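There are two complexes below, and they share subunit A, which is joined by subunit B in the first and by subunit C in the second.
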Partner chain A sequence: MALQDLCNFQDFFQDSLTKQSFSGTFGKSTACNYVSSSSFRNSTSLFRFYIPVAEYLDESPIQFGQISTVQSSSAFSSQDSILSSSSLPTSLPFASSQSVPLPFPMSHGTTTLAFMFQGGVLAAADTRSSCSGLVACPASQKILPIHSHLVGTTSGTSADCALWKRILARELRLYQLRNGRRLSTRGAAKLLSHMLHPFKGTELCVAATLCGWDGGEVDDGCHAGTETDLRASFSGPGLFYVCSDGTRLQGTLFSVGSGSPYAYSILDQGVRWGLTVDEATSIAREAVYRATHRDAYSGNCVDIYHITSNGWTRRSREDLKEEYYREKERKEKANIGEYFGET
Partner chain B sequence: MEYLIGLQGRDFVLVAADNVAASSIIQMKHDYDKMFKLSEKILLLCVGEAGDTVQFAEYIQKNVQLYKMRNGYELSPAAAANFTRKNLADYLRSRVSSLPVVFNSSPHVLLLVVADLTRDEAVDLLKKCIEELNKRFILNLHSFTVRLIDKEGIHDLEKITLGNK
Partner chain C sequence: MLSAQAFGDPGKMKDYHYTGPVEHKFSPYAFNGGTVLAVAGEDFAIVASDTRLSEGYSIHSRDSPKCYKLTDTTVIGCSGFHGDCLTLTKIIDARLKMYKHSNNKMMTSGAIAAMLSTILYGRRFFPYYVYNIIGGLDEEGKGAVYSFDPVGSYQRDTFKAGGSASAMLQPLLDNQIGFKNMEGVQHVPLSQDKAVQLVKDVFISAAERDVYTGDALRVCIITKEGITEQTVPLRKD
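This part shows the complex of A and B:
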């Protein structure tokens, strides 16, 4: 069947299993001629957690660090938009053991934060993409939705984050198709952490917090209900921090990036479990605002996403310079008030 | 920087580890558990470089559990330690350029001669060690998970938390 060829299922599961799970979902097999020519589902498939070996690098058609016009332009454009190119990673760029000159100097400036409270999970981030002193994009998106009930904040290299979020989204969707339920946030964090592990020690830099809501979904009828009922009993918010150096932490409050100390200062004094949604939104906004005020690599606008059992909702993007001018006005009024002796 | 300690008494072992999960200079978590339960009577305490600790410890953990599933009985602590050590040595020898896993030489432990400690004496000694740590160590390690292992298995003891310095 087409999907089997696509995903090399014969390598992973026994024949009987694949036939059972897919005879229901795919009534007809479509002839996908392009599949055989693309090499993205060969032995470097991520499910095998391939560890790079030197021999592979010599044969790789795309050598890491070699600047081709196609590569550098796609790296730049991915900084200001979600990676939407149609080419999936045909061969993942494993770094060679010698250090290779990077096409441009990278710096990892951002402010992202996420916390859990009684109303769900709130994630906020600024929108500045910087590139060693230059604001490469003032309107980038640092919170990327992965599926209806999971978003991830990104910090580190924008291109790496965008790519790995898409890869994670693909793997989660495959899991959902195979197992009839969404993978929990904890499972998604573990999956991302294991996918990033082979790249430890390379220049890859991804520091993400996964914010999601688990459980509470109706069985789609394709699989036996008893197994899933017993297994997935946890339902509720989940917040995990995953870093490409291997850290994977569960928590209720995280802030990542160069502006995170400033954000922590606001969050540590304001965040409690009992916040209302409006209060939580204003604290998150304030934290990002203060961080953008002090940190050179954070700025421009703030994005806020709120995740509940119904999925994620996005607050419209707000330009923080308005807030800065409003605050300045307030201060001036207060000063004038004092000067003239008003109470 | 992190802290682990183990004390062996007459018929028990007392272990403690701090609870901080840090990322460079920021404490990301204050209640992080650094102990991995390998089996009913074996704990692995692991510190070192960020992702390597968890990956390595989980690998050892799953393998010990697999042994139990395959053979029907658990690995002894000595055997588990040998297995861990062999894996660590192989791992260290396989990568010459960088050492991914480091057994951290933590702040030095004042280990007195531990002859025959009773449980209470051991807990007191542990508290003294932690007080000394608090006095001399540059980092503020606020709370410690404490567990006791004896022939009945692994018991959680009360967390030791210190007031502000």
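This part shows the complex of A and C:
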């Protein structure tokens, strides 16, 4: 179809060997074609996910006369999985590290943090999205819920983080449908890390912390010790840091972004396992507040998410501008007190 | 990450004196200027753009509006590199048609926004150099504005300016529509007439200070009755 050729949107249901039920209609495609995109790999394992192959990186985007209007470099598993099976002839040897210099800057710069304590996991982030000196968005969302018991903080390029979180959410949902239980936070971290691995060395920049509560089914409850299944299932909070350069770490305290040094200083001072929820919230808020004060690329408001065995709850977004004025008043009062000899 | 300094400011000519030997490479991008603005109201949305198409020191056209009608309830404004704007709107139109034929209904504004995000990200390593803003009505009939960056990151806003004069217009909109940085002001919801007047004033200001904005202003007002267009002249110098 001419339309499809223009968009490189191929009806590769005809190519898929399995999943016959999804063939033919586009109508189901928007909801279900991720399944056939995973069957594209033609493997028989139950749990398969689409790893975008880095073939497009071998193709030069600048080849006179050989470029079609829509690049076949769109070899990603995006929501509608446009993969061209008829790739351009690449006669020129091409270094995959070379890419087109961009005329515009990407969004960057942030402060995000997450830590574990007796009441679950707390994640906090600022809301400023900057673009080399200009604040592109003062009210962006840097903590994205992935499912009811998993939340991810995002740092790096906002587009990369948003899209990869979306892809991760899709894969986790597929896992849940196929296996009857949610994937653990550790598993989700590994999955994300492996999905990002083919893009190592490219400009993709994702530095996320995944904060979740493992526990699977509702009746799994709080019996972390008793195993009703043969599968040993860990139940409880999980916190992992995943980076697009390949780092994947487990921990109890992470802070990511340009403002993280400032946040770390507050967190290292105050975070203990035995904190109450209110204390933990105020430490997280204070850490983001101090970081936004000193780091130019962080600012505006603070978002706080709290993850427990019941899922995540979001504290309403707070504008830190008010806090600056309150702090200024407190300092003035303290100064006046000293001046008049009070302690 | 890639530093923006390495590529210079988009659209601005380099220093007009000899700074040393410079390597000239072919760049697949050009900057054609233009500003786009969208405002969402209670039951209306406005998408406005200037109509100047420039490149470097030249003006290619004084009548090249940057708003494109997608459906009866959605208009997209694209500014940046005109070649990519044209291709992107063609692709969006084609995808809209395909959706209509396979799902037997028109795409909603939110769906178009989500689709555009994935289209843009599909070109993550050779992006469309286009700053998009979608304005329209959502399923409940309320105004919706979705703003994008060139690689597909998007979110829903109440108002947004994009393009060459965006850095000048956005703070003004923050103040006038968002009532930011003002004390003791009553937050009155924006009426359609006030919004249209504000958009016209804002573009007149932008044409004064930004060389790539001017000639004429095209305003598209989206209500449940349909889309009406107005054209207002701006500075031509």
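To be clear about the criterion, the second predicted complex is superposed on the first by the 230 of 343 C-alpha atoms of A that agree within 3 Å, B and C clash if a C-alpha of one lies under 4 Å from a C-alpha of the other, contacts with A are read in each partner's own complex, and residues count from 1 in each chain.
Please note the rule applied: contacts are C-beta pairs under 8 Å (C-beta built on N, C-alpha and C of every residue); 3 or more make two chains touch, one makes a residue touch a chain.
As the structure is a prediction and not an experimental result, all values here were calculated from the model.
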Discussion item. If we overlay the two complexes on their shared chain A, which of subunit B and subunit C does A:160 touch? Say first, second, both or neither.
Written reply: second
Worksheet entry | Which partner reaches more residues of subunit A (counting touched residues only), subunit B or subunit C | C
Discussion item. I'd like to know which partner A:309 touches here: subunit B for first, subunit C for second, both or neither.
Written reply: neither
Discussion item. One more residue to check, A:148. First (subunit B), second (subunit C), both or neither?
Written reply: neither
Discussion item. Just checking: does A:281 make contact with subunit B only, subunit C only, both, or neither of them? Give me first, second, both or neither.
Written reply: neither
Discussion item. Let me test your reading of the model: by the given contact rule, A:205 touches which partner, first (subunit B), second (subunit C), both or neither?
Written reply: second
Item to complete: Would you sort A:179 into first (subunit B), second (subunit C), both or neither based on which partner it touches?
Response: neither
Worksheet item: Residue overlap on subunit A between the subunit B contact set and the subunit C contact set?
Response: none
Worksheet, complete the sentence: In the complex, the residues of subunit A that touch subunit C are 3-4, 6-7, 9, 25-27, 29-30, 56-57, 61-62, 69-71, 73-74, 76, 78-80, 82, 99-108, 131-134, 136-137, 140-141, 157-160, 162-163, 202-205
Worksheet item: Where on subunit B is subunit A touching in the complex?
Response: 21, 23, 26, 28-29, 32, 49-52, 54-55, 97-98, 100
Practice prompt. Would you pull the subunit C residues touching subunit A in the complex into a rising list?
Written response: 1-4, 6-7, 10, 25-29, 31, 80, 87, 90-91, 94-95, 97-99, 101-103, 114-115, 117-118, 120-127, 129, 147, 149-155, 167
Response to the item:
So, in the complex, the side of subunit A touching subunit B is made of residues 97, 193, 197, 200-201, 241, 243, 245-249, 251, 254, 260-261, 264
